[in-house]
Structures are given as C-alpha cells and as structure tokens.
Amino acid sequence: MSYLTRRLLTFPLVMLGVSILVFVTIRMVPGDAITAMLGTEAGLLTPAQRDALAGYFGIDQPILVQYWRWLAGVFQGDLGISVTYGRPVLGVILERFPLTLQLALMSMCVALLVGLPAGVFAATRNEKMSDLGVRIFAMIGQSTPNFVVGLLIIYALSAGFGILPVMGEFTPFFEDPLRNLGQMILPAITLGFAFAASVTRISRSAMLDVLSDDYVRTARSKGASKRSVIWRHALPNALIPVVTLSGVEFGYLLGGAVLVEQIYALPGLGRLVLDAILQRDYALVQGCVLFIAFNFMVVNLLVDLAYAALDPRIRLGEGG
Amino acid sequence: MSMLRAIFSHASGRIGGTIVVVYIIIALLGMFDITPHNPLQQFRIDRLHAPNATYWMGTDLFGRDVASRLMKGIGQSFLVGFCAVALATTAGTVLGLTAAWFGRAWDGLVMRVMDVLLAFPAILLALLIIAAAGPGTWTSVAAIAIVYTPIFTRVVRGPALSIKSREFVDAARTFGSSRRYILTRHLLLNLVAPLTVQVTLALAWSLLTEAGLSFLGLGTQPPASSLGLMLADSRNLMETAPWLLIFPALAIMISILGFNLLGDALRDILDPKTRSRPA
Amino acid sequence: MTTPLLSVSDLCVGFGRDPSKNEIVKGVSFDLAAGETLAIVGESGSGKSVTALSINRLVDFGGGRIIGGSIDFKRRDGSILDLAQAGEPVLEKIRGSEIGMIFQEPMTSLNPVLTIGTQIEESFRLHRGLTGRQATAAARDALDRVRIPDAARRLKYCPNQLSGGMLQRVMIATALACNPRLLIADEPTTALDVTVQAQIMALLGELKHETGMAMIFITHDIGLVAGIADKIMVMQAGEAVEQGQLDQVLDRPQHSYTRHLLSAVPHFESGRAARADFRREKAKPPALTVDGLTVRFKVSGGLLGRSPGSVHAVENVGFDLMPGETLAIVGESGSGKSTTARAILGLVRPTRGRFSAHGLTERAGSVADATDPATQMVFQNPYASLNPRLRIDSILAEPVIAAGGRITTETREKMKALLKRVGLPEDSLERYPHQFSGGQRQRLCIARALMLNPSVVVLDEAVSALDVSVQAKVLELLVDLQKEYGLAYLFVSHDMAVVERIAHRIAVLYAGQIVEIGDAASVLSNPQHSYTKRLISAVPSIDRRNQHFELDTRQVPSLVRPPGFEPPEPQWRDFGPDHRARAEA
Amino acid sequence: MGRNFSAKQVSGLVSGLALAVALGAAVAAGPASAATLRMAWSQDATGLDPHKQTAFSSIRLLELIYEPLVRLDKDLQIVPAVASSWEFSADGTQLTFKLNPNAKFQDGKPVTPADVKASFERILDEKTAAAARANFGSIASIETPDQTTVTFKLSRPDVPLLTAMASINAAIVPAAEITAGSVGTKALGSGPFKLEKWDPNSKEVLTANKDWAGGKIGVDGIDISVLPDETAILASLRTKQIDFALLNDPLVATLVPKETNLILNRTPVLAYHVLQLNPARKPMDNLAVRQAISCAIDRQDVLDTASVGEGKVTGPLTMPGYTTDASTLFCYKRDVEKAKKLMADAGFADGFSATVIAANGEPATAAAEAQVIQSQLAEIGVKLDIKMMELNVYVDAWLKGDFDMAVALNGGRADPYSMYNRYWTKAGNLQKVANYIDDTLDSLMQKGREETDPAKRKAIFADFEKHLVEVSPWVWLYTSYSYTAQQKTVQGFVPTPEGSLFGLSSVSIQQ
C-alpha cells in the first residue's frame, strides 16, 4: 500500500503549512486581544498596564518565539489556553464539535437522500423535459446563498406558523432527541439543499457515462432487466465520483457552516472560529483551524480509501 | 461562431446562455450608469417606498432606487466575480500545467501548497485576508482568487497529465519541439474544454462567496452596491421592506442558475467531442 | 429442410431522431439453420455490427430503431417469434437463455467492480433461478468448459487481474452459461494477439461441436472465417452484396467488392508474397545501426521493502538497416517491439545500447535525441497522433519550427506538394483533424514525418488501426515513398499479412529478445525458432479451410527479473546467407 | 417500467418531514420551569473580571453578579448598594462609606471593609490593567477604621469620584479571591444573581442569590441564550421561546410594538452618536472648515434616516441635569449657505476629499450614518470615501488617530467631567485621538471637577459645552435609545439611562 504510506507522509507537511499560514495571517490583522477586550477604553491604559496585559495574553514575545512555543505544545496535544474561555483550546473545540459533526452528517444524509435518486432519475430520462425539470429544481438549490434560504425559512415559519426551531443552546441527540431534532432539522435542510444539488448533477453525469459503457451492454445481453441494470451494474460504478464529491463536501462542512450557524444561532465550530477571530483569541483561532484542517485531511484520506474499496482497479494497482 | 450555435441548440444551454447574456447587458448598463435613477442619489423623502411606477423595485433605507442599485450591484458582483475567476484561472493554469509537466519535486511542492490552501476553511481564509488588507473591491477579488486557485490547479493538472501521455505529444517530442511550444500549443489548447466548464461554475461560486463575505460585512464598501451587500443590508428590514430582500435574492439566484446551466451545456458540448472519439 | 432457427427478411435499421432519414441497415435478409455458422464480413460502417445487435434488440439501447422487416426466431419450445416486434419483457427472457452474445473489447465488457464469479452467476440466477452455492458451482463448471485453469480461484478475481484472452474466455463462459441455441460473436478476436486469437477460434470451434449451437460470427478479416464458417455474407454500406456457402464465395466470388476483399486486401501467404525488390550491398554505410539495446524499468517495492527487481522489456537487441530497406519487427503484445521503437526515437531512456545513423553520429544512449531530423516516427492511432485543436498547416509546420526553421512560402509549397504526394487535396491545410477519416489522418502523419526529409522512418503499428482496404492503399503509398526518397523503414507490427507485403527483412521479437532475424521470404517460408513457427501457424488464411487449431493455454512469460540479473550471451545458428535464429535450450 | 422516485414524491417527502419535526420543536420549546426568566441578547460577554472588562455586553452580565459600593437609579441619582451611606468631608478631600452590615458574598461570607480596600488596591495596581484606574487618580490612601466603615483620603477634591465608584468596573470582590487570583475565572460577587454556567457566545445560566442584601428577587433564575442575528431574537419573542430580550438595532426594535403580546421599553441613553473630525489632519486643522462641516450636516435628517427617528438630537452633554436645548448651540440648525461661505473663507471653495472610517455593525447604524453624512457633505464639495472596518481593526485605527473622520458611538457617563476628561483635558489619556485642546476647555474641565455646588457646576459645564460645539473638533449628532423587549407576562422591569439590566433583580413572571 505505498499509495497510503505516501499520503500519510504528506499529512504532517500540510498541517505544518496550515499552522504557519494561520499563525501569520491572524497576526497580520490589525487590532489584538487587548483592543478586542477593552475596545476604545484601551486608550486609557498606561504603558505599564498595556505590557501587563500583553504578558497575560502572551503576545509580548517576538513572533518566532510565540510560534515555537505553541508548536512545541501542539506536539504534546496541548493547543494552548483560550483567552476568552480561560480553558484549554482542545476542550472548548471538542465541546462545540458534536453540533458541527451532527449538522454535517444530517446535511449529507439530506443531500444523498434527495440528490442521488434525483440524479439517477434524471439520467434515465435523459434529455426529456422531466430531466431538465429535475436539473433546474436541483440547480435552484445550488443557486441560492444558504444564508438567504435560512433567513427565509425562519421568517416564513415564525411569521407564518408561529413556530421556530429551537435556538441558542445545543442539546445533544442522546439527551433529548426531539429537542435536538427540532434544532437541527432546518439548518440541515438549509445546508443539505445546496449539497443535494451538486450530488444530483454529479450522479446524473456519472450515470450517463456509465450507462454508455460496454459492460452495461453485456449485462443487457445476459437478459438483465432495465431496473437491475441500473441498480446492480450502473449504480456501483456511478457511486465512485459521488463518494468523492460528498467526501470533499463533508470535509468542508466539518469546518462549520459559519453563515448558517450565525442565522440559526447554533454554537458550532464555524461560529467558534469566527468569534475567536473577532476577539483575536489567537490560541483558539490556531487550534480551531488546525482541528478543521486535520478533519479535512482525514476525510479526504477516507474518501481515497473508499475509492479503492469501491473500485478494484485502484486497490489492485492499474490494469491486468 | 459555431460555439454559440452549439450552445443555443443545447437544451439547458439555451436558457443558461440567454440569462448570462441578459445579465452581462445589465451589468454593462450598470457600469456606464445608464440606469432609471442615479443609484447613489438619496431621495430621502421617498424612503422605504414599495415598488411603484417611479421606483420599479421600490426604494431602500436612504430613498435610493433599488432597481438602479441592482443594475449597479450586478455590475459590481460580476466585476468581482470575473476578475477573481480570471486571476484564479491564470494562476491555477500556470501552476497546474507546470506541476503536470515537470512532475516530482515541483509537482509535490505545488500540490502540497494547494493542499494547505484547500485544507484551510475557505471563508475564514477570505475573512483573514480581507481583515488584514482592509475591505474593498480589490481585496475581495484577491481573497476569492486565493481561495479558488487550488481548485483550478487541480482542474488543470488532472487533464494535463493525461494529455501529456497522448501520442501527439510524443510526436512533438520526436521533432524536438521546445518545452514552451508543447506546453502552450499542445497541452494548453486541449485544456480549453475542462477549463471553460470550470470557469462558468466558478463564476457561480464567486457570486455566492461575495454574498457570504458581504453578509459578514467584509465585501463591497458602501455606498457602492453589490448583490451580496444589498442582501446583507436587507436582513433587518426583511419585515418592513421585503422587496429589499426579494429582488437581490432573485437576482443572485437567477444569475447563478444561468451560470450553472451554461456550465452544464458547455460540458456536454466540449467534452463529448474529445471523449467519443476512440482515443 | 425444417424451418430455419433464424430467418431475417428485409431488415431495415435507422438511427437518430428520425431513423428513416438515417438508415444504416438497408433491407438485409438471411437464414440460419440450427447448428450452422454464418460469417458476416464487411468493413467498418458496413452495418454488420448493427445487424447483429438488432437480432437481440440491443440496438434499441444504442439509439437505433428497427424500421422494417422481420426476424423470425424458433424458440426452444418450437414456437416462432418475430423478435422485431417482441416486447421488452419477452426479450429479457430470450436474451442470455436462448441468444448469447460476445463483444469485441473483452477488457471493457466486464463490470470492473464486480468479481468474475458474480457476473457469471448472474446468468444462472436470471434464467435458472440458481442462487448461492449452486450458482457458484455452475459458474465453476462454465469456466472449466472454456478451459480456464484452476477455475475455483479465478471466480474471486476482478476483471482487471486477467489478460485480454482470459477475459474473452470468461465472456464466452457467461454467454454460453444457459446453453443458448444461437451465439452472436461481434469481432470477438479483433483486439487480441494473433496466437491468443487462434486459441479463441479453436475454443469456439470445439464448443460449436459440443453444444450444436448456431453462431453468427462478425468480422472484417475474411481470412479468419475460413476456419470456422459454413456460410458467408458480405456486407457493404448497409447491404448484403453477396451470400452463399463458404467454398463457393471464397473460390468463385461474384460481386466486385468480394473480389476486392479477397485480392487487394493483404492475406498471409507464408512468404510467397514477400518483397524481392532490394539487394543489400554491404559497401554502403547502414542508415541505422543498433547494438546491444537494453531497456529495463525498475519495479518499485513500496516504501520500505527492497525492490523485487526490474522489468527487462528489451534485452540486448541489435540490427542494422540499409537506406531504402524495410526491416519489420514482429512480435505479440508484451514482446517489447514498441519499447524498442520508442527507445530508438528517444521517447524511452534505454539502460544500455549504442546507436548510430549514417555511420556518422555515434552516440551512446538514444540515437534520435529530440533534435535529430534524420529519424522520424509514425504512430499507431491516427486519431491520437494529431493535435485536435490545431489546423493541418500548423501541424505540418511543427517539425520545421522545432528544427529551428521558419515558415516561408517555400515551406508552404513543400507542404502542398507533400499533401498531393500522399493523396490529399491541397485545401486540407485550412481544415482540422476531425474533418478527416482514419486513413486520411495516417497519410497526414506520414506527410508530417517527411517534412524534414528524414533518412529513417520508424512506423509503430502504423496501419493496424485502419480498415482493411485502406490499409492496402497506405502500404502501397509507403512502398512508393520508399522507392522515391530512398527511405529506410523500421516497421513494427503484430500483423503477419501486412509484414509480408512491406518487409524486406524480418526480426521476430519474443519476451524482449530477437529470436530470429533474416530475409523476409526465408523467415516466413522456413521458420526455425519454435516461437516463430507457432506465430506463423496461428495466422489465419483463406486456404486453410475448416482446419482444426490445437489448443494450448500458455501465458506470456513474466519479464520481471531479480536485480542484477544478466541474460546469457545469445548463440546463433545460421540457416542461409541472411537468416539466423537463437539456439534454444 | 420499475417504480422510481419521481421528483414530486421526493420533494413532497422532504417538506412533509421538515414540517412535522419543526412542529415538534414548538412543543418542546414550551416554558421550562415557570419562574426562570428566558432571555436573549445578540452580543455575549467577553470575560468575567469586573475590573478588566469594559465591553458594553460584558458590563450587562457582570452588573447582575457583582455590586459596586453605590449605584445609579433610573434618574441617575446615587443610591446605596454595598454601602448604605456615604459623605464627603467639608474640604472634599475625604470620602467615608458605611457598609451595609448584612451585605454578603454569594459564598455566604460577609462583605468587609478589607474586601473594599483590597478591591480598590487591585484597581489602582497597574499590573491589573484596570481601565477604570484613570478615574481614581485622586485616591491617596484607603483606611478601614472599623468593621463597617471605609475612608478614602484624596489628594485633591474630586466630586466625580463618587459617580465613578457607581460603575461595575469598581465592583467589590472578596479579598480571598484576589489573593487566589481567581477573580477572572470564578464569578463570585455580592450581586442579586449567581453565575451557574457560562458557555461563551452560546449560553449563561444564572440563579437567584437568596440571601442578597438588596431585597427579594422576583425570579428563580435567568437563562440567557446568545442569538447573534437580531431577526432571530424577534422570531423567538414572537413564538414565546423567550420572555425578555436586549435589542441593539432600531430597525428590529421598531417591529416589537406591532406584536400584541410584546412590550418594547425605550429608554434614552447617555451614549452619543458623533462624527469625529481629526484636527491633526489637513484641512480639518482649519477651524472654519470644521465649522463648515458642522453647519452642513442636518443632524435630524441623519437621525431620521439611519435610526428611523429613534432618538433625540443633543449637544455633547447627554446626562440628565446637564442637557441644554440643542437648538441654541452653534449651527445646530442646518445652514448650507453659511457652510459654503466658511469653506470659501478657508480657501476650500471647491471642497476637498477625505475618508471616513466606521465599524461594521458597531453600532448597527454606523454604515447608514456614514452614507447619509456623505450625501449631505457632498453638497458643500466635501467628497467622502467610506471605509467600513471590522470592529477591532476600527478600534486599532481609532486609538492611533489614524483617520480623517470617524463615525462613532462613544459611551456616556453620569458626570460630565468623567465623561470628557479623557478627551478635552490637557492630561487626557485619549488626547491623541481627539487631537484638539485649548485653555478654555481645560480650565473649565478642572473648575467643574472641583466645584461641589450643583448649580455652579451646571453653569461651568454649559459654557464648556457651548465652546466645544463652537470649535467643533467633533460634530455631535444625537443620542438614541436602549431597547429591551418583553412578553406581557413579565412585570416590574425598570430600565436606566446607562442601559443597565440591574432592574431584572426586581422582575417577576405572571403565570
């Protein structure tokens, strides 16, 4: 499995790259933790007071020393202390991650449940009006910014039906499933809708490719019915690009959907990072971005493994 | 041009093509200020009027004509979109091509850097870049371009690798054609198909990203208007003045729909030619 | 005579939105008795595949429609059914159980993600209702029937783990799983090597006798049908121009097109048709000498493991080539013939070997490092060797620009002259490659190769992708050009009939080594090395009628050698002034 | 043809599912326990240390947990908190407090003078970096003669000191917590509510402090959730998911009265909307130019457009007792002709171009104000380029005085001196932001500081205000309201001009 080992080798390299990128860009942004905390009152500080605060926030050292000390910590799994939470960064992230994870999973389910059948349906009715109809329906999902969809849903539900998804605090699924679903189903649909549109398009074009392949003709020559050709022969092959797309998209969703979390007031990873940036909580920003990048790489690796599992040509090396 | 005829004969190409053409006309009108009213002029006595004879799409908080601002906004959003995608395409093509051609060390370096940019959450990267460089049209363009360059690099590198092994490149090698000649005439020309499809899709994405950035207050600077900014400003006026949300939302939705349909049509038109012939 | 198994009358098939405007098959009629084999012969575009596909109505899925005529098929229970009108549910019962089919490309005709076993069991499941262990047992028997060694283990293999020949056997096993009464074979061996083709033909012959099934065999190679067919039908542009018993059509062809297929198209005559228009004078310096050419590819052993060795693709190949002479390098896939050609052209970096052209430029490594205009190459696939996005004038101009020249009116004149010389209209300069047929495109490649007046032209399978009659014309063109410009050809091919037409001398390559080399006529008429004998005997020809091919299922040997392995020095045995073969252990 | 998912079925399935579950949400969202007040705001506190936190949103949380010595009531009069009585010495150099004997911290320990002394020493210690330290410069020493009295010895008379002590930045914390250094992490105060759980930017849970010295508390506790999007807060109010909410954006607040079961509390606040000019930058260094700008701006029009009229045009002094009739101030009635003449006199007849900075969403009306001012100043040839900035980038530029003009919402104080001493006194900490000082301003500020007689103080600061508007380093625009919205079932909330939520301590929910 030299392919896998080569991929694992690049992991630390990319993570190092991400750590340097986040470390530098966050410090290039004007304003620091002091202005974030005190706002215009920071002007009242005497130089001695300012240095004391800089020490407290750990931003008084030269940048290289700060980076080295932080990196050494990362190797022991200590991502540093969050200034705004007064707690280790990793703990804060792991508290907020379940919501983003569940949102990502639910959005992917919505996407696959809606997108895949629609794509297969459109492919089998190629170029007829219903094919174009499904594609436009799917495309509308992909054409609207998700925060607009969110705003409209909230406005419609609260003004129209007087009901609203639960907001603010996150109740894990196992504690109170009904309340949890009440909070998560609408954001999942908001996110899942756009995701479903891309799944529809990918599965449609994949199915069209596969249906024109030789082995589908062979299956027909064996007397296989139209439906079994689609489900037993075409779909397993068409799934490969769909798996790749949903894998990459899932990787993105794990980074938290900043805008949707903002509108539905979901304390997820996306808002955590955004607030951390606005409050210049450097340790928290760096920790979050590393965590998100790590998840993204892991998901991509899993997608590659799934790719190999689905397609023996990859698993057994090229060609006979 | 045979390409135009092909697009307009394709089912979704017809719809997508007309939408994009109409938008480009509107964008140009907006840019040269040929609009029903001056988009920046505040008729404050006519604040928050619903759509009527004089103001086709109503007025905003400052009494500015929403229709004119929408035309200007489309111009601004398209400007940001086109420039960002053009930048990302050039960067992506150069990186993708050279990575595919030289391989090994350079390929490894380029792809690792692209992995870093891809692994970094896109909207946060754009946010940090804009916050550091100060908001404005050109920083938005730079931010969106940086976020899309890795995607374009991959879209170019894949096909470039497969074309590199095609026989007409071997033939070129046997004549001793220069590397520059092979890269431009053989590889680049044959990448036109996948690139055009990706460009149309990227234009749609860039409109979404610009809207997202404006929602976070980091996109276009007032008093100029972009589709995203008009959407973001209408957020708290949604109940008192729904037209402020509906028209920009429709404008964004239809324009992205147009780009997606056009992208689909181009994929069908450009790809089958290379795919159907027994390579 | 009992009613025929299959009787097709006035069959018309059209394609596209308005099929009647785009008719491919125009009124074909023929009968087929049980156990009889009909060969349908014709070139591409003649409608032979469409005719076959319309029998079991697979043409409907390919965008075609049967717009006229009937296909009466006698079912197992004796009832007659017109397949042209049958509904899909009935057809699904017939396909696989009563009509089996095998296709041209075995590599892509099996589902890449499913194992061989599952795909064979599917036929049993569909028509015999077998499941689980019973189906697996039936599948194993089906594989035994097509003589695949240790069938049980192979059931779990995936298609990409087997060779083309092996996969075609699996296809046959699948098609014949439920003992259909009719097998339609659509060019089953075109994509295979000649020795593998011989084995598949032998297998089909034996199965025909064992099961008594009728067969429709579609091919473009008329020589191939001699060994297997009872009746022949020749098709041209959608019409059946001639039809009749095997011997009657082959010996007394009535239609001009059949006569053209029999005479003009190259047929292998074991050396009698070899060229004799060249005398080798030792005096003149050879146009090209190759000495000790070796090409090895290191096999990567994964991250930590030591590399298991390297593939010895080409092993110590040496020969010389006189100006105006054609040396053919013959061998099957995996023999290293293309690698040799590419190494000479510098497209592959050889491990060892000294080359020289015109006895002047003595260089180790590759002879034609990119800038040597003296050696040019023509590739196999006409569609892939021309950049689809460039006009013909810039394609032809490329070699001149590459050699540092500039495009002057004089070069444009040269282009026009060359186009005329290879038989293409002058206005082709402004057109694009996709506006030309396969044969025309190969002529363009030849014109491009001649732009720099080379002395040596390497042709790598230059005609094998072309239609039979087009092949003949291109070969004629090559011979004329050789005589006119005194070109030396290095002609790489696997098709013995073509080699016989063009080669002065022949080198037979097997597992990367030259096993026999010498004058074409003597090598072909009197082969010495065992592999050459096997190769020549496997070539189909018209005069070997209803011949019984013996079966052997030997695989191409693996070329991977442990690191540091050096082959023993070759000993040669001479059989005449210019004919020697490698001594065999 | 086999049965496949038709597009109609698919979309039907999805919307049906969504509706069913969303309905489920409404049921689940019923009132948890009757007596807990469910509250929401859009900006969460950024920390728990009362001496360090200055952000508006942090103060709102901390004033429920901690208590200063004294407090300001709705008329900004000083009322008892931890201290029950207080008095200045005759010469004004000594301030003595009598502590409320049954004032206790939330861990049951009594509040002792030692705690007061430790708290103020912590504020004065530079290492704590307490922003309020600037207001207590006049404290020389603190003495604790007995168990219930604390005496502050002052280096000079300092009337505003008492108002400064009413701020939560001067909260009394247990001496033990200070030595343990856990003031910022464990929120232990003597206020009406105890902090049970704090999940920043997501949720706070407060429980009533049963033995609070200030009297009986109407609710068992408060659940605060952070809803960043104010339209979501309105939606929650409408669907009875929350009982009480803090709103910033007038556009959203003005929708509340339309709902039958909701009440909107609108209280004028001390914070003032202002267009800060930078006299250190050409041509704003020219008095005539600054005055021209002041005359060219129609303050009422800015208020009507940017804040939909929610507020009042005022001069620099916004606290009760000191406000004057704005129309008497220089150029408070728009006079474009005069502005053009002033511009011509200053040699800028054809105007000039400049940039104005503003923070995104802070205040919510910033962008709107900038655009209205831009169109108004265009009439006298001043071409403004607007730069909207992320809050901290804006604060950084603001502190460095790195701007031509800036749209700002600056905090107000109950006392004129402690409100403006940082800008308009020679030794003011934020002189480098104001970039303007003259002797009149400085001397009037010092006089006002020492004057103890309220009538004389009012006269001094009236002159100060008149002069400040004339030299017009800034263009004061208007003050707006602080909004809180509540269900009809919530009674007894009393808002204050400082926007304090201390009134929640006496709130009750009617079943």
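For clarity, chains are labelled A, B, C and D in written order, and residue numbers in each chain start from 1.
We adopt the following convention: contacts are C-beta pairs under 8 Å (C-beta built on N, C-alpha and C of every residue); 3 or more make two chains touch, one makes a residue touch a chain.
Please read these numbers as outputs of a predicted model, since none were measured by experiment.
Separation of subunit A from subunit D in touch steps, taking the shortest path, is 1. Comparing mean CA positions across the assembly, the chain most remote from subunit B is C.
Our note on geometry: subunit A versus subunit C, Cα centroid distance of 50 Å, whole angstroms.
Computed from the mean C-alpha positions, the centre of subunit B lies at a distance of 47 Å from the centre of subunit C.
Between the CA-based centres of subunit C and subunit D the separation comes to 86 Å, rounded to the whole angstrom.
We define each chain's centre as the mean of its Cα atoms; on that basis subunit A and subunit B are separated by 22 Å. Multi-chain contact residues of subunit A (touching two or more other chains) are listed as 29-30, 151, 155, 159, 225-226. Among the residues of subunit D, those touching two or more other chains are numbered 229, 231, 390, 393.
Shown for subunit C are the residues that touch two or more other chains, of which there are none. Of all possible chain pairs, those that touch are A-B, A-C, A-D, B-C, B-D.
Considering their complex, residues 56, 58, 61-62, 88, 92-97, 100-101, 103, 105, 107-114, 122-123, 126-127, 158-163, 167, 171, 174-175, 300, 302-303 of subunit C touch subunit A. Considering their complex, residues 229-231, 249, 251-252, 254-255, 301, 304-306, 360-361, 364, 367-368, 370-372, 374-375, 386-390, 393 of subunit D touch subunit B. Interface residues of subunit A facing subunit D in the complex, by the touch rule stated above, are 29-32, 35-46, 48-50, 52-53, 56, 84-86, 95, 110, 113-114, 117-118, 120-121, 124, 130, 133-134, 137, 151, 154-155, 157-159, 161-170, 176, 178-179, 181-183, 185-186, 189, 225-227, 262-265, 267, 271-272, 275, 278-280.
Taken together, the subunit D residues at the contact with subunit A in this complex read 1-2, 4-7, 10-11, 14, 17-18, 21-29, 40, 46-48, 52-55, 126-131, 133-134, 184-185, 199-203, 225-229, 231-232, 234-236, 238-239, 241, 390-393, 395-399, 408, 410, 422, 429-430, 432-433. In the complex of the two chains, the subunit C residues touching subunit B come out as 342, 345-347, 368-373, 375-377, 379-381, 383-390, 394, 398-399, 401-403, 434, 445, 448, 452.
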